[in-house]
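Letters A, B, C and D mark the chains in the order given here, with residues in each chain numbered from 1 onward.
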Amino acid sequence: MTKVGVIGVTGYTGQELVGVLSNNPLVELSCITSRTEAGKKFSELYPKFGKKVPLVCENMDIKAISDKCDIVFLSLPHTVSMDIVPQFLENGKKVIDLSADYRLPADVYEKWYDKSHTDAGNIGKAVYGLPELNRDKIREADLIANPGCYPTSVILGLLPVGKIVAGAGVSVIVDAKSGITGAGRKAAIPFSFGEVDENFKSYKANEHQHIPEMESMLSTAVSGDIKVHFTPHLLPVKRGIFSTIYVQGNDLPQKGEIRSVYEKFYKDEPFVRVRALGDMPELGDVVGTNFCDIGIKSARGILIIVSVIDNLLKGAGGQAVQNMNIMLGLDERAGL
Amino acid sequence: MTKVGVIGVTGYTGQELVGVLSNNPLVELSCITSRTEAGKKFSELYPKFGKKVPLVCENMDIKAISDKCDIVFLSLPHTVSMDIVPQFLENGKKVIDLSADYRLPADVYEKWYDKSHTDAGNIGKAVYGLPELNRDKIREADLIANPGCYPTSVILGLLPVGKIVAGAGVSVIVDAKSGITGAGRKAAIPFSFGEVDENFKSYKANEHQHIPEMESMLSTAVSGDIKVHFTPHLLPVKRGIFSTIYVQGNDLPQKGEIRSVYEKFYKDEPFVRVRALGDMPELGDVVGTNFCDIGIKSARGILIIVSVIDNLLKGAGGQAVQNMNIMLGLDERAGL
Amino acid sequence: MTKVGVIGVTGYTGQELVGVLSNNPLVELSCITSRTEAGKKFSELYPKFGKKVPLVCENMDIKAISDKCDIVFLSLPHTVSMDIVPQFLENGKKVIDLSADYRLPADVYEKWYDKSHTDAGNIGKAVYGLPELNRDKIREADLIANPGCYPTSVILGLLPVGKIVAGAGVSVIVDAKSGITGAGRKAAIPFSFGEVDENFKSYKANEHQHIPEMESMLSTAVSGDIKVHFTPHLLPVKRGIFSTIYVQGNDLPQKGEIRSVYEKFYKDEPFVRVRALGDMPELGDVVGTNFCDIGIKSARGILIIVSVIDNLLKGAGGQAVQNMNIMLGLDERAGL
Amino acid sequence: MTKVGVIGVTGYTGQELVGVLSNNPLVELSCITSRTEAGKKFSELYPKFGKKVPLVCENMDIKAISDKCDIVFLSLPHTVSMDIVPQFLENGKKVIDLSADYRLPADVYEKWYDKSHTDAGNIGKAVYGLPELNRDKIREADLIANPGCYPTSVILGLLPVGKIVAGAGVSVIVDAKSGITGAGRKAAIPFSFGEVDENFKSYKANEHQHIPEMESMLSTAVSGDIKVHFTPHLLPVKRGIFSTIYVQGNDLPQKGEIRSVYEKFYKDEPFVRVRALGDMPELGDVVGTNFCDIGIKSARGILIIVSVIDNLLKGAGGQAVQNMNIMLGLDERAGL
């Protein structure tokens, strides 16, 4: 049975990965690491995993991990992954990196993340791990750049109409709302319950670092030029991303037509569900699942698309495991 | 001292009105009514008003109320107000109506609310009670059509740039989010805690009945033609409306300029606060207050405006009392 | 493969049962019923089950269900189950009843539930489905009375010290807190988000109908007489029950001793986890799982026990499936 | 007009004090201080105070503050107050200290707070600022030890039956639940939204530092010996304390009697509301107010008392202002 490791298990995404991989009967989770908690039992750090996950957190010893694992997930902060990825690749391991380090061309990355890229040579080898876009390439990949949470939601919401959007005179505005785990597990007053509860706010309006990821993946996919105006907000919920997408333009498909464009596009996808025309999904429909639910409505001359995912599953750990299943030739749904 | 009455006190807006009027030292709350709870002590129905509000709910006897009150607030469902307003006007009473019945021309009202209007003759006498727009007219009015919650937030957010928006080639998209009390006090599964908590959803995307109110008030104010694409969402919080407004076009003011347009427009307003350029308000900044806070940002060629209010105060009962204070020549801030 | 049916799938417990049984690879969910939604696709009623559960809700036709199922779960209101259970038993079906109808002697039931019992004859055949108490009997049972949510939490919390508690001079006070789904899926103002959010309240203080269930099961288990003072409260969360149990008396075990009493009692239980002495579980440790987590502390002369479960899993549907697994000789953890 | 100062305005209690004092028309808030934010405008730190509070945070210069203020509120961490209080007293200022530093005899304080007391001489001069217990002494006091939040709730809940409780054979168990602001404004993962939302937990079970405060104040009040077993829990709400109090014993008053004991005890109190027998208050009834609501029920041989307050108002800043009003001979309700 394939042996897998998770590097960095103390954040929300790391915990989710451990949970999902423990439920996957087709692989063996054989190694987890944490810089800060090495030596401690995972289930003592996070009691909800008691009598479920017997593993102990290890130090980040690449040699030791490589000996134990066939494939590794990196759940590390941006700019940390790029120091480690090349070493695992050299050891012949398959790598699924959940950071942003291999999603963008080096120059774009350096501009938006304000860091130099120290492993630019491997960016070209990385496959952007959105199965609905790149399933065949994922099957062959050694290095997966697992998509960001917002881009997953926005790209899946726009892909079927990408060609039209890339046409002249069409503008796209995305108003996205994320649950608090999207910001990570942090000791900071702005993320404390007293500040977030009964509150709601926007941040990084139209200058969030996920913008180039959406724009470049969509533009490449449709061989056109797609510009996205993107403003995220913080919801007082734990999990989930809700993107409301507004498309304005003269050449939009008519009502009857538009829904069937989506339906056809996603009909064989195991993790995308398209609603009836005008029936918009709610956040709660996908929380705790790896699904992306999409609703479409045409009203007063514009197209409104709602695309919802669970940020820790389809937006991070779930999609990473979906990618792993594809890479290993397993049932794509295993453990999800 | 002026005597005031509140017709319909069992909903969230009615309760809020009673609370705010009880705190206003310049008027006397002398009468409250409830069709369903007549004869019961208000503080027994809502114990939070114990040792605060000694009133008993009365029946809706227009003659009796007219004898006791100089001015009445109607906190009733749409289409119910129009049957009662003319009777109070005939009795020489001033009326502040919180329903939608007198906000729109009869034909527009009938189209969006799907009801015949039975008191169309008085619509022309009603003043739209947004003090920042109509303070002088409010001073002289006998009948106030108190604005809707979403329109208050959106109109205040757009008014200073209304002239520009009314110009050619400019489109406006409003993505609004409201706390649950905006939907009223209802026994319905979709509004139960089990369904709303940890959830988020859109509704009536670009076909909400508040759209004509926003468009007509803005268009009239700037003597132009303003079209608003408006999609509301339901936030898992009790109170507050957060409108994110996107303005795209070629003739938008530059960064330095835009904020001072807003600052000048609202500098003498007691209940509008304009933030520094790029500093966006949070919902929590206005909850429990009668303020509208506005943030403006210019990024990647578009203008983003955030406008936040408390739906039960500036969006309903607070604004109604602000209107009353103006009508009576009192300090506009009294009790707020 | 064993075929199972769920009678009554529109409530929170019914939905949870459908979800858990769909994840169980060792049985086949072949029939679901709903009086109000017969003929509708389950995944259209509850879109979160899209591409997961393909079933259509059927009418409650006992003959048809008996033809399709080997075992049926009844997720029905109290007093409704007792009309249906005997028919399934006559048809030779195994029944797991999630209502209170078969948990108590008829006279006690009639007193606390204020209804006549119409199937008293079958009460004696029912096994109280708490595996930690009755695993062997469950294996042989045709009819399971699945425990109430509060009793599950309280009985598991007290069982290891039941003998001591039954001794003279020991009193037990239970202060329990439940998430809102414990009250069911209801259209009622007291359960609306506007009333529950940011609120907390007690109800039925020391007169809740679960009291006789706790007292009789505990008393029987230890062949003694245990009296429980029980006051439940409503938490502004979706799921989970948190019971704080206070035991006062002269013959309580010492600190070192007490924790090992619990540890030994539950060491082979797949779904009970005992914490280190003084380490109290949080509600979040069990939400979404079938575990019961127990913490014990001895301080200032009294014993404090915290027992937490997910009310919809270990407190209802999860425990029901655990019982089914035992009845069918399957891995007790299958699907959980 | 009396001039007041608030020392330490960046925590939740400090902000609440500034808010309440700004609403009090009978005093002038003339000085606020913050060690970390000196020089900054208060309304820029906390925009909700914009166009409301024009003050700038000052440094903690005791001479300068003494020149500007007649009375000062200290909203500082435990052990910090005791260094500052004597200096204000020497300058002839009246002081209301919201920390625990002057509530307990020095030896008890040192044991429970694990710190030496550096101003033990002034403890004897301090009056415990619970108006319902000490109104006359508060009137004459120069130094007020403002009560803790939990003790306020528990003492008010037990005071009317204190004599009985102090009798032989009666035990008291308090299960208290507090909103998150009770823990202060902190950057710490356990208080982050991701950890607190949809969660609930106990802490310091029967060893919280507020225990000696409850026991000593109650015991002194009734000239008896009252022991309280006290376990606090953390609620996923912003504000409010809900104490469920269990009294067991042989000499408890009968049903008819018990409620009238409470009613008589508190009938002239402006901020205590006693409910009808068996009608238990909810947390939401007092949030945002300075009231303490009390419900009493007698069931199955025990007495159950529910006592609720807003932890930041009656449990801290509101009670402090109530004390100030008494000290200055003002209407006790002013600004509250």
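By definition in this document, contacts are C-beta pairs under 8 Å (C-beta built on N, C-alpha and C of every residue); 3 or more make two chains touch, one makes a residue touch a chain.
Computed from a predicted model, the values in this text were never measured in an experiment.
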Given chain C and chain D, the chains that contact each of them: A, B
From chain B, the most remote chain by mean C-alpha position: C
A-D or A-B - the one linked by more C-beta pairs in contact: A-B
Whole-Å gap between the CA centroids of chain A and chain D: 47
Between chain D and chain B, distance of the C-alpha-averaged centres to the nearest whole Å: 37
Chain A-chain B separation of Cα centroids, rounded to whole Å: 40
Residue list for chain B, restricted to those that touch at least two other chains: 195, 198, 236-238, 281-282, 284
For the chain D and chain A complex, residues of the former touching the latter: 12, 180-181, 185-189, 191-198, 236-238
List of chain B residues in touch with chain D within their complex: 47-48, 50-51, 198, 270-271, 273, 275, 281-282, 284-286, 288-289, 291, 293
Residues of chain A defined as touching chain B within the complex: 171, 173, 175, 177, 195, 198-203, 205-207, 229, 231, 233, 235-240, 242, 244, 246, 248, 280-284, 287, 297, 299-300, 302, 304, 306
